[in-house]
Amino acid sequence: MLLRRIYQFLIIYCAGILLLFLLKYGLQLSDYVIPSPIELWQTGCAEFVRYFKDVADTLRVAVIGQIISVIFAFIVGIAGRKATWVGSIVKVAAYNVQAYPIVALAPIIFILLGDGFIARLLIASMICYFPILLSVIGIMSEPVVDIEHFYRCTGRLRWQLEVKIRAFENLNKLTTVISGSATLAMAGTIVAEFIAANAGIGYSIRIALYQSDLARILSALFVIGITLSVYQGLLEWAGALIKKGWET
Amino acid sequence: MLLRRIYQFLIIYCAGILLLFLLKYGLQLSDYVIPSPIELWQTGCAEFVRYFKDVADTLRVAVIGQIISVIFAFIVGIAGRKATWVGSIVKVAAYNVQAYPIVALAPIIFILLGDGFIARLLIASMICYFPILLSVIGIMSEPVVDIEHFYRCTGRLRWQLEVKIRAFENLNKLTTVISGSATLAMAGTIVAEFIAANAGIGYSIRIALYQSDLARILSALFVIGITLSVYQGLLEWAGALIKKGWET
Amino acid sequence: NAGEKLNYRLKWLFNASVVGDLYADVHHIFTDHGLDVQVKAGGPERDAIRELELGHAQFGVASADQVIRAMSKGAPVIVIAQLFQINALQWIYRDDQPPIKRLSDLKGRTIGITYGGNDETIMRTLLAKGGINQKEITLFSVRYDYTPFFQRKADIWPVYRNTQGVFLSAKLAKEDETLRFLDPHDFGVRFVANSVVTSEQMIAKHPQTVIKFKQALLQGWREALNPANQKKTLNTLKQFDKDTSETILTQQLAITRTLIQPSPDIKIGTIDTAAWKETEQIMQAQGLIKKPVNVEKALRNL
Amino acid sequence: MFLSCENLTLKYSHNGLPVLDNLCFEITTPGLHALFGHSGAGKTSLARLLTGELPVSDKFSSGAIKIRNMKTLLYSYNTERLPGWSAISHHLDKITPASRKTQKDDLITLFGLEPYMDQPFNRLSLGQKNRINLVRYLVQDFDLLVMDESLANVDERMREKIILNIKTLYPDRLLLYISHNLIEVAKFCDQIIVLRAVTRQPQCIVVQGQNHRGYQPTAQLPERTMLELMNAA
Amino acid sequence: MFLSCENLTLKYSHNGLPVLDNLCFEITTPGLHALFGHSGAGKTSLARLLTGELPVSDKFSSGAIKIRNMKTLLYSYNTERLPGWSAISHHLDKITPASRKTQKDDLITLFGLEPYMDQPFNRLSLGQKNRINLVRYLVQDFDLLVMDESLANVDERMREKIILNIKTLYPDRLLLYISHNLIEVAKFCDQIIVLRAVTRQPQCIVVQGQNHRGYQPTAQLPERTMLELMNAA
């Protein structure tokens, strides 16, 4: 599974690069617009190790960010699952915050939190949590009548149990969303680094952008992609394990 | 419902602003770090109409972007629901594209598409489609055995029917995600405008940021929030109607 | 080929830095020259040189470092005019801090730079020139907003003198704080800023169009900066830059004048070849290009 | 212990036919009573009204349900499920009041479920699912328990055993058994509320069952009751 | 038409007891046959093996199932559902081959479903759900149809009517009926495959049923068959 993820990523990446090269040679574009294969290769080789370290750094933040997002999404999703007043205000708050593009919120976040690790983490989590939240709210607000009936009519349906039942019945959907959100956590962290940090791959991409260096950007995308494929593969594998563990 | 959404938004917005003012007067921050209430009020009054027009403009793009995202998410989700090779490569591609922060992809998008409406729409959709995709994949890859069994064993389970069955059985989750993704479409469009456009509220935010004018940014956030609350309220209302229509 | 559609891609959003371009557009100077030009705003993710090659634009504004980088990668770019004689990129600091009279005064300060941006290049050149070790100062990563400077987390912050410099001064003035500027030019660092570029192909195929474009554009700039036209110019600007008050715009315009035409004997649009060569040397010294590109080949005084 | 329905009427929609029309009956003794009638007669609907799962007197229903000396009314049905994350023994332990632990174990043995207690619910056969679901209701505090086809997928021998045992174990509770098995209902139940087509009035008739209390190998079929039931329904 | 099991063995896990052990039987005539046995005996498992829903001879199962002169093998069970987005009539129309439209309408009348055809599935009572589900299988092309408790929640009178009619309508198909109703199975089925506890060998015994073909008001209970069945199970 892991291996398959990796070579599938390679296929897709190569397809993308090929498209760019076709464009380059089709329209006879200079190396400035689209780098030559040689340049790309050289840049890739030269920067691989450094970018890899950057990505590892980013991934670290992303993983923490993802965990926070998942927890946060569950808290909000569980609080917001009921059609009560509190539930719906929590939902409205969660939705509204999301509507503000992070670039607009960034200054406020920096005022509130300074621009250290925490701010970065917050931005990463904010980008990542929302899709999980949507799924969690969707799942948590739908009763599983045939299972809940007994607990409800014997007065035993505390919210923890309700949440557990609904989560378990939708385990597949939840693991899909959670493992899928890894990509979002990654993207979120990169954006945060892009805006604020002076470390991580987002920072490297920003420099490459300022320097109009597409070869570097493509190399960075490669490293991001491959790392993420591995991480995602691992998450799916863990998800399968958990499912197995919970189901037996 | 619509009204409730609006006043809930107002409560949250006011709470946020209050927090900022507490911070301002607690830490004795000057007006250039956090604007004074008077300045905020004046800016708000002065810019409301203009920002409102901008937001309307942005919303127009966001709505189209959301529709595209939903369609796209369904296409990819349906193609990627099966554990086949094609299914999984479609999924890997969809996930990978998402992992790349839009800022890194923007130069490539502009190379490929120029800077028209299309590029903006693409960026907005890319930001919005992924959360929908995750839910759609989750839902579409889980059989509803008790319903599908008949069609499967009589050889009638074409993919359209399979999709329809699974969508219907998870209608609540889908409408939650779709109406929730409105916020993402909006955020996506704003980011696209931020990067590329010369119209819309994203552009105005960029200028306000560039001028370090937090009062303007807060006013813009207000208009975005209120518009979005209305839009979201309408979507939910439409979702309820559709559900009613489909279920009777 | 009058009436042919031409796209002119700016480097940044519409503001006082592009007043001449806007003026030429609004006051039909392009049309008077038989050109149909669409002036398009730029942005950080935009790159006029790429658009020239892809045919999305026929003319554009690019900074000198962009031009030199593009040349080093074989892009067929030609500079037809240099708008800013003095780079608008400068640094601000509060006047309650010791003034920076010599480069060695930078020691011990926290200096904002945009990593990868040309302010980094310029600042590093200044530091090298002043013989200042990186350990003697603190570098602070600059991002979209100015909060770190406001909160005094950084002492010295890069701004565009004629735009940000003006409204930041105004903002701080409200709190009775005054700003000073650190201009690299004063320390002998000349790093060329925005210039008008087109493609080799354009010059080869439509030399007349290029000439007409340059004439029209520079006429626009001359008229825009002419104090006699002040009112007209401000009205033009206001059409595009709705977010800036008239007082600020007036100040911005005044400073822009001094950067575009520092003295009456310099013609607007003059390409300062020596400054370009210095820019190339700086970039090479900083390792931003690997080998010389001989930038003068791309400079065309038509 | 007293349960009565007075002029109970229920519709599921504005323009639909009523499902229950002017229904009246009362039960005054504890024990195993039955709710009988053809499929679609409204047994489930009535049971849900009785236990408060459906509201009485809202826009679609009217009449009154009177309940005296009973506090906990439970409704169980055959398609209920247990959560899937652990073995059924675990779930059962969690919901059994401490005082009923031995009763629970006895019921499990009696219901023939002992070998399956460490299985998760979804690995059981249909009849096993029925039984484990019923067990968990039986160990609750209840005054009235409706068993809506709770043994529908269990074999007859086991069913008989279960019914007889429930009767001896819970002599002072009100048990309302919904089943389509004519003989079983006739043989073991006390009063049998027969729901008839909604067009007939009175919509329900109460027939006296044989109310057998133990295994009687020589017992004849309760033919008179069966006949009565068949005529009523 | 020929169906046989040879030494069929099935486990659900490595270390578990087998559910089916060395099972052998054969059926060579069309008609209504039954699969009978106590709850948990393995009827559902066997039926799913026969119709190919569970694989024969993988790591958990061995033996052979031989099928001759039959192409379409269908397995239906009582908890199946119809999609919810439109009335059941709509779904039924869609899956009925053109040549069977009249047959479908006849079945609906026969099954007493006519008044409910414009309802969506989730508004039906349990027995109504059972019946509509069975109807849609009956209008398919099939050679073997397993009805796994397909009428479990239907009242006896309706059940009898349905069974008798199915027998006359499909004399040349193989119908395998799983039910816990002893009398019904004894009365109406041809051959009755009785699954016994897995510890007993042979695990299954085939008992000849009465195979009644029409409504016989004076018919005695099939006591001998019932006794045989009870002894076997």
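Going in written order, the chains are labelled A, B, C, D and E, and every chain counts its residues from 1.
The working rule: a residue touches a chain if its C-beta (ideal position, glycine included) is under 8 Å from a C-beta of that chain, and two chains touch if they have at least 3 such contacts.
Model, not experiment: these values are computed from the prediction.
Asker: Return the chains shared as contacts by subunit A and subunit E, ordered by label.
Answerer: Of all the chains present, those in contact with both subunit A and subunit E are B, D.
Asker: According to the touch definition, list the chains common to the neighbour sets of subunit A and subunit C.
Answerer: Shared contacts of subunit A and subunit C: B.
Asker: Comparing centres built from CA atoms, which chain ends up most distant from subunit E?
Answerer: Ranked by distance of C-alpha centres from subunit E, the top chain is C.
Asker: Which interface, named by its two chains, has the most contact pairs?
Answerer: Pair with the most C-beta pairs in contact: A-B.
Asker: So the centre of each chain is just the mean of its C-alpha atoms; given that, what is the distance between subunit A and subunit D in Å?
Answerer: 51
Asker: How far is the middle of subunit A from the middle of subunit B, if each middle is the mean of its Cα atoms, in Å?
Answerer: A distance of 16 Å separates the two centres.
Asker: How many angstrom between the C-alpha centroids of subunit D and subunit C?
Answerer: 85
Asker: Residues of subunit E that touch two or more other chains: which are they?
Answerer: 79, in rising order.
Asker: Residues of subunit C touching 2+ other chains?
Answerer: Residue numbers touching two or more other chains: 44-45, 47, 50, 54, 144-145, 147, 151.
Asker: Tell me, which residues of subunit A touch at least two other chains?
Answerer: Touching at least two other chains: 33, 103, 107, 111, 206, 209, 212.
Asker: What chain-chain pairs meet the touch criterion?
Answerer: A-B, A-C, A-D, B-C, B-E, D-E
Asker: Please output the residues of subunit E touching subunit D within their complex, sorted ascending.
Answerer: On the subunit E side, the touching residues are 12, 37-40, 42, 44, 78-79, 112, 116, 123-128, 130-131, 149, 152-159, 180-183, 221, 230, 233.
Asker: Given the complex with subunit B, which residues does subunit E contribute to the contact?
Answerer: Touching subunit B from subunit E are residues 51, 53, 74-77, 79-85, 95, 120, 133, 136-137, 140.
Asker: For the complex, which residues does subunit B have touching subunit A?
Answerer: Listed in rising order, the residues are 4-5, 8-9, 11-13, 20, 23, 29, 33-34, 88-89, 92-93, 95-96, 98-104, 107-108, 111-112, 130-131, 133-135, 137-139, 141-142, 170, 172-174, 176-177, 180-181, 183-184, 186-187, 190-191, 194, 202, 205-206, 209, 214, 217, 220-221, 224-225, 228-229, 232.
Asker: Note which residues of subunit B are touching subunit E in the complex, please.
Answerer: So the residues of subunit B in touch with subunit E come to 146-147, 149-151, 153-154, 156, 164-165, 168-169, 246-248.
Asker: Which residues of subunit C touch subunit B in the complex?
Answerer: 13-14, 40-41, 43-47, 50, 54, 56, 144-147, 150-151, 164, 167-168, 171-172, 174-175, 242-244
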